[in-house]
């Protein structure tokens, strides 16, 4: 039997029917005016989701990783210094990319499970009197650890230090799912992809540039062509791309942003928080702990759950797939084997979440972990019931 | 948000991705040989699912109700006597149809929750020395009450009475989900639809005729054109239909039968039984009872669950839809307001079933019924775990 | 290679992308209020397409043939007399159906290629002083011969005769493609299907009943259950069906009527006329003739083209499919082998029509018919050019 | 009305139904073994289409342009010298990319309409005794001019010069449509995309590396991360990607290569040649000329057609879209306004091609160009008829 179970990976998400149909387009001429009528509303929609009025949005046939490369290669030059924290696999990879492109990365290593250390950043930036640091890199939501960092605090740290560096934020697994405020937080480059909060198939890097980031273009000497936003901007002005655009995905993006904005971003965030809370209630009922060190770090898009010492967390993921046809996320890098992850972003209902929680219980019981069947489910049900009633009252 | 929750109605079922794509066809010429290459394998596939070697299969753009009309109008004449039991809404409707077509129906009323009374049938048939009864009508699975009847016993009763009547079986919600043996049980006409065990959208009546039923064509005087199997048979012989065939659905039927036969019918039945058992364990854990009177009557495609006296079961269905976006079935006819139904047939995994059970718990708790959250889920999980492990061992 | 050629059969038509997606729905609960929000707008839309304010519309999981059976079985009784013309395969079949249901059909045979003889009807109706004739049957567009009849003239004939019979019109291949006015023409029952002017897959019988036809229900004694509009009306009132509705097709019907009404029915008819004229110009350029006897009989949804005496027209259809993967229609009944048909209704552009005309030329040349390559194409191109320019000027 | 006309742009092509459905996948876990079962057969399929036994294939979520960047950044270092011809917009852009990445490009300018000058290359390479030239860039099919170059001749020139440079070939609009032999021609890097011969939506860069190109990795100093084939190779070995893979497109690629290989590559090429010849016969009948200078340069995937001096070719493209809803390609760069292009690659039948030719005739007549309606169509029909008959005889 073809399984119709939802996935519980932290992206790509389950894709709403209507978005699958929007992406699945017959071929149109991407050099005709028809394409402009898809492209420009999509870009405008993304701006609203990013909460930027002044920024410019670029969309590449690529992924979040390509978005990072777009960020650094359009603003920096070989030898430029950047400041970054490593607190999970994705922040690690971004640092690695910078180094491979000849940047000089000042790395602040954090325990995996912690967030971006704004106070430590403030010290370093304050000490950087010569303003050699050109950019500060922050991962809003570490997908590997389920840790949400406080980007507003990073901005405050930069301001307190009176430092002019650019602020680049990896919002791949937060944007469209958790509160993100590009202009208010002074984010210079925001990076995400199509397959997370936008609930689309993978294939798009989505990037916002502030006016200050745009200005950095003038001096940026890292080589680039595919990811050059000057070519892209020129293309957009003529209703096109510098090469063949992924028309279907952009059509999907247009509809996705409409859906998010019609629902209301605050409602979208509240929906994610509600679903995530249910998962966290279940984890607590199991007597287990999250990788994220403290509640204020808890991510609303993914939970990384620590298994008992000595137990291989990958077994949970493997057995869930084999025995029940359900996909959870494995631990990556430093926390490989120590955590398994439940993705709870994008198109996911309370009802679907309960099936994921119930599956995790069966899997853990099968593997001999001391988890009472139904215990996490009951805790999550109680949360979903109460919050559903509250929603109904509000409506 | 568009909900992506599965449905838990007793048909139409959740449609597998691959079958949706098979049905969603561009237009082809239904009078060209191409159509024959879809039609004939579909008919052959249905024969195997019905377990008939000698029967002929007809497929109409219609529903199960149209299948019943096909059965009676092609074999009987006004004034003909038929024997039937009323033990639920669907058997009731079939009786009503017979009466509206001028047949003389001898109705054996049963408590809703009971099955077809083979022993009572034997008495009546034995008493019918003149063989005035031309057909015996039996509903294999009463979708309204979740009651499975013993068709083999009905056949034995007819044989014991030495009665030559035709045996017509409503297998709408059993065929493709529960054991059905057209030839072995001496079923003369078997009726089903596309939207149950075949996991397709509604729109097809699917009917098998035994050679004896085909012979009854000669004398049948009920008027018919749309449902006339003579025209249909002539059409099939020329790779066509007497009118425009629903090509996409027939393409889906072809693939559906392939899927069922590749999985193996016994495995399909075992899969349904396993999912159904989980639901029944949950019901027991809730301290509730099924409408079906005894375990041997329990249906593997739908469970009708009795709510406490004085409580309106329709509230369960209404609240599930409004608060959680989940569809259960209401009670119909005599058991309206007394039961709600969980459909568990077709494309449904243990994981999906758990989300339905968990939802039912939240709904009942919301409505003040004394159901402990997680209790039914835990009972079902235990069953699914054990049976999953057994499956793995077997494989 | 999978062919992506359009079809040129007189229905089912090429289905617009957007309608295929509307039909291809996941399962919803057809007993929930959600279904009513699809059903009622669809019924209202059909009423507007039929141009009826007072009529009631019924939609069955069936085909046009089922629509005919709905018409007669809900209004007539065995032995009732009806008046009809046989001027093609579809009018012939309707007559045959009436006879099989025990009606007494007064048949006026017409040469195939002629229309409904309103003057002859007037004579017969005038002579029927006792008003034994209960219904007059007229085929608006004979799909087999490409002949459009004058329904307004039939109504005038009935009025001139002062005859109270009901007027039943087969509009299967005209409604949604050619001018049809249910109320203005005093049509009592209008019958069509989903797969013609509505551009949907086959699977729906669509029927409009006038108040007078509804009144005839009271006395109608033909047996019916599946096609009983009383059950259907009761179902609609409760947002449902008396059995499982074909939800996806009804969702498609809802969108289809919106599309037709947004385009404007007169524009839809003009579009069909324009495409049809191009085909007719091509036929004239080939030196060939239509089956339809005179220009006022020319159908805008299908052209039946006479081949030279002694030549088997079926060869055109067979060779087109084998050599070029293009579907045309064969001749049926009296004109089998004498005509081949080009369907030009529904979703078909001038550009697509030209490919059909060009294919017909290649096919006829291959088969040795004296047709100059490009001759018909050029004639059609000239017509399409001129009319496209006129359209642009108008817009 | 939604138009259902085919597109006649030189990619993206019309997408076969079956490939659209393969791409339109629900989300699966791209880190599970399931993905490997899609990925590896797709890569193997591409190898066969490239006709390479020894090469390695990489697939990126990108476009052909990203494929070029993959080629140079994984093998070359800043300051490296490369040899290239500029004979159209796409070769121009590749040269531009090289320059932006700090390579030293020796450009041989050719008249647009000419191919890669193998003899001139031989002179230059022979003169480069120090082997400073690290790579020779050749565009197999210049999409802007419809010119096919002789890659085997380029290889012979390199061999005659005894030069060890790498040979990079842009096969974006040739691979899968026209004869391409990676191993036999000694191609070191072959670049293409999903949206041309593979008939998929845009979104994939598809690149083959010879062992010699793989060896060049060791010394390549151009910065790269997203396009780094080392990360990609490591990912593939673990059934994954270094970031989120475009699973649906890769699923489509797997099926696309199966389709091409089942049809047989030589049959695929012959099919393209047949369709292209028909278009060229039409152009000749119109008394017009191709941009490509000589028959041996004629591309089988796109024809660039010169319009009379003083006439703006863009009008043809604009008017075709507005008046008839048909997309042709405009001229680019040096030939902007001088040519319009008819794409004839991928999923396109003779019947569809005729509709494009017929449309071009209407458009040109509308714009006052001296083209006789039907003239090009007749010439193409004659070619298609003869070649269809020949095909049938062969089969």
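Which chain is which? They are A, B, C and D, in the order written, and residues in each are numbered from 1.
The working rule: a contact is a pair of C-beta atoms (placed from the backbone, for glycine too) under 8 Å apart; a residue touches a chain by one contact, two chains touch by 3 or more.
Keep in mind that this is a model prediction, so the values were computed, not measured.
Think of subunit A turning onto subunit D: fitted on CA atoms, that turn is 180 degrees, to the nearest 5.
Between the interfaces B-C and A-C, more contacting C-beta pairs are found at B-C.
As a whole-number value, the distance joining the C-alpha centres of subunit B and subunit C reads 35 Å. Put simply, the C-alpha centre of subunit C and that of subunit D have 46 angstrom between them.
Remark: subunit A and subunit C have CA centroids separated by 54 Å (rounded to whole angstrom).
For subunit D, the set of residues that touch two or more other chains comprises 14, 17, 26. Chain contacts in this assembly form a complete graph, since each chain touches every other chain.
Of all the residues in subunit A, the ones that touch subunit C in their complex are 17, 21, 26. Listing the residues of subunit B that touch subunit A in their complex gives 1-6, 14, 16-18, 259, 263, 271, 322-326, 347-352, 354-355, 358-359, 361-362, 365-366, 372-375, 377-378, 381-382, 384-385, 388-389, 392. Those residues of subunit C that touch subunit B in the shared complex are 7, 9, 11-15, 20, 23-32, 61-66, 68-69, 78, 96-97, 100-102, 193, 195, 201-203, 222-228, 242-249, 321, 327, 329-330.
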